[in-house]
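The two complexes that follow have chain A in common; it is paired with chain B in the first and with chain C in the second.
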Partner chain A sequence: MDCVTATVPQAGTDRPDYSALIQPERVHGSLYTDPRIFAEELERIWYRTWVYVGHESEVPQPGDYVRKNIGPQDLVMTRDREGQVHLLVNRCAHRANLVCEDERGNSNSFRCPYHGWTFRNNGELLGYPYHQGYGGRGKLNLGMATVPRVESYRGFVFGSFAEDGPTLTEHLGAAAGEIDRLCRLSPEGEVELNAGWLKHRTRANWKLLAENETDGYHPQFVHGSIFSVTGSPIGALYSEKSTAVTRDLGNGHSENDLRPEFRRHGEPMRWFGTTPDRVPDYVAKMRQAYGDEAEQILVEGAPHVMIFPNLFIAEIQVFVIQPLSVDECVQHSTAVQLKGAPELNRRMISQSIGSVGPAGMLLADDTEMYERNQVGAEQLRPEWLEIRRGMHRERVDERGLRVGTATDETGMRGFWSHYKTLMEDDK
Partner chain B sequence: MTAVADAGLDLRQIEQFLYREARYADEHDYDAWEALWTDDALYWVPAGDDAADPRSQVSVIYDNRNRIATRLKQLRTGKRYSQSPPSNLRRVISNVEILGTEGSDTVVGANFVLVESRTRGMEIWAGRVTYKLRVVDGEIRLAYKKVSLVNKDQPLPTLAFLI
Partner chain C sequence: MSDEQDRPGVVVGPSSPEVVGSEFAEVAVSVDHEGNGPRLKLEDLRTGRVRYLDALELETVVWLPDGHLRQLLDPSAHRWREDK
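Then we have the complex of A and B:
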């Protein structure tokens, strides 16, 4: 047994020593189980860095709103009259009641049910009843709080509770190209997330999910049951012989780049488990929209990318991880919808229902693993979780990004390296 | 099983069928459960909104006969880890009402409460079920089962057993 022990300091003393807890080849179990570390994550990650919140297609019209979140924070994503998207913190400026109780709707203002204060959908205070109690109308400058920085990339809306810091473009870095790759699958170059959401309660630490999203080592084992009964070719993408790679995209983002496998086969639509003759309208529209480039797009397919800390694009599904406490989170999932591709969209909804969510033939088993993993991590020995797989065979690609084989833990190492930077940051 | 002469199903026969379906599901008797379904089966657990179109909005489950077969094949492998080991289940079906007919199908409504026990703890599931029952070769068969959970708008735990 290993004698080196990294323990979390007791309350009232210094902060946890993240350099001791996060080592190149392994990470300490307390990172998944210690409520004090979770509290620090909220402060240093969830309430500071860029976090994915929602998609512009969920609020297409002025006045549209939808309830969203950043971790345990209850937000309302709104679109104002000028078309600008806002993220309001769902809390009345008067006595802290929840202002918005509906999941979604259309309204240019919100009225708090407790004392009737009203707010414009950009958060500005519109009025308060019996105004003489405040010396008249317009005497208070108390709006709903807003997430200070809101930026959108290709319709994907991110928020940051920090007033300043890296821009969204800087945060996304190389991962932006993967969002581009998803949008490129639409003949109109746009993705919509308007097929509703499945919400899957998961009794596990959020990092177990984030790490698993680009872990190409588990599919053959956790998903062997469904691969065997459907004869799915997905398993082969994550075999030892696969030419697919795992790439650390920087800033905690990572991907399973399946393109080498799809290029090897060179068959359009193979990534979607079909052939061009089964989806002729889509293929024709793509060829018309992209010309010579279309063939490559149709062969290479969709990205499989985890964008730190909570957005996972799994080819035809999008997942959002919402942490609630050290050992509980919610996985929100939906089917990708490609603008101008109704033929594909119907199939994507049907495939997504089969695969993801609480009853999904893939995700129910992933979630079972997360929950067992959480129980395991609470056991005392051997304290550490391994992240060393494939370290000896990692290489650096032409973009300067670290690359491992399909089953290597390259993505996890990238995740932890960025996590450590954020948790040790003294700003 | 008692043979049924006509489509004119009476409440007692219907209840006996619903209890049997519930027992097969509770006891993970996948073969017996699968045999209850018609070829045009639809097994639906909506998410969020009951009124949403399942072809344009995601559902928790929206299985045709083919996908029911796949789901059961996966369970039978013994490596569907979310049901291996299987949950311990018991459900109560109540408030059974004949709501009408649709072609040759009898539409039946009922409420249910189900207790699930797993290592991670106990879960209580409850909701409204709509069944469409059809007499095929003298036996009652299940053509449609829609399970509308009371908490379908909330985050749900894993639902890998037959509900």
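Then we have the complex of A and C:
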């Protein structure tokens, strides 16, 4: 993929020593501030591993397309006439102009506005104006570039710029089960992400966000105001007395597993801050669809899982992290929509607006911390950021996964362990 | 809506144009009744060029193989040619 790697400096013998920078109990501040490290991350993580791109429900009809991204790479996710989903690099094969400008639309073919080169929505070149300049029609084999590997899991579409490597199933590992848990909250077993996206430009390194998503230590401080205003029981889930756990799911993925707390209470819909009588149609459809199993599903609720490197499923909403530079990223967020559950979906949108909308009270608080954190990390001393909380009380569960308490930094340690593997990989 | 309008092949009254548009093209679509029978009026809003399609031509488009349609989408197939 010359178009991708050409901007990344060749790694020489002076590469950062990641084993020195990433230690079991701490990580070095330069990991968040060094542009050279960011360039290596693009090469070794964003342009190599599986990265979440979009959801099949965003292109429901043949000809539908949406603008998406992998880090700074501008992509077009399309659905062709046969129903197959493609990821195209949004760059004309002629003179590198952006081919698609709209955020979304329906077109089976794309015509570059610069010189009129026209492509099918699978990237194939259909033709160019005034063909004699190229010796006739059909003389060039120059399509739009495609992301070499595209796979989806339960409608979640991932792309990898590497021709070879672990399969998506191998990459997701135990995290796939958390996507399953989200899908089973739909009476039809399917999630849709078609409520529209909010974008928050954030002056912080992307890893501060990824680490924070399953940091159960901060909610009581950073989100104290929204918990007190709304009377939400969520804060207690992240207290020292909570039976919830933080789990390292492997491959950099992690979760706050809140199920132990919800099982302790045994109240259906508590996870959503409501009761069955407030959403009777949804509960009835779930009981009809899942029978005896419905009770457990309605008690245990939705996952809170960070899928490396950029997909965060936060119970009722989904976040996608897009790094732009070493100290800037975009948080894309949308409300989860459960197929066949209009009653719950309306509430999911309302709650999402309240938490991550322009005047929302949750994401704004987190973002304030990210941006303060970035400025702090740029200060010279004491150089290190701590990730040791709860190391002494970690255990391994029945699946062989590392587990800490609700407020432990087990998720961060899993993130950095995987990160180090990718950054040191010589392949 | 009259009862007559529900009959197959019969369209009554003026049809206000709708626009089928994208970032790549903008075409106004309406049914024209100036002739002895209805026909589809397509207007390329970027150039003002108009094309009428009768029922048989429309049916032909419906049955056009995808490969033929792709050939027509080649910019140098008709519109942008050195010999024009």
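One rule holds for everything that comes next: the second predicted complex is superposed on the first by the 412 of 427 C-alpha atoms of A that agree within 3 Å, B and C clash if a C-alpha of one lies under 4 Å from a C-alpha of the other, contacts with A are read in each partner's own complex, and residues count from 1 in each chain.
Criterion: contacts are C-beta pairs under 8 Å (C-beta built on N, C-alpha and C of every residue); 3 or more make two chains touch, one makes a residue touch a chain.
Worth saying up front: this structure is predicted, and the values here are computed from it rather than measured.
With both complexes placed on chain A, chain A has more residues touched by B than by the other of chain B and chain C.
With both structures placed on the common chain, the touch criterion links A:169 to neither chain B nor chain C. Within the superposed three-chain model, A:367 lies in touch with chain B and out of touch with chain C [touch as defined at top]. Once the two complexes are overlaid on the shared chain, A:296 sits clear of chain B and of chain C alike. In the superposed model, A:358 makes contact with chain B only, not with chain C.
In the superposition on chain A, contact of A:84 is made with neither chain B nor chain C. With both structures placed on the common chain, the touch criterion links A:199 to chain B but leaves chain C unconnected. Touch criterion not met for A:421: it reaches neither chain B nor chain C. Residue overlap on chain A between its contacts with chain B in one complex and with chain C in the other: absent. Across the interface of their complex, chain B is touched by residues 103, 195-201, 203, 222, 224-226, 228-230, 330, 333-335, 346, 349-350, 352-354, 357-359, 361, 364-365, 367-369, 371, 375 of chain A.
The touching residues of chain A, counted against chain C in their complex, run 81, 100-102, 105-107, 109-111, 116-118, 120, 126-132, 137.
Per the touch definition, chain B reaches chain A in the complex via residues 45, 47-49, 52, 54-63, 67, 70-71, 73-74, 77-82, 119-120, 153-160. Taken together, the chain C residues at the contact with chain A in this complex read 22-25, 66, 70, 73-77, 79-82.
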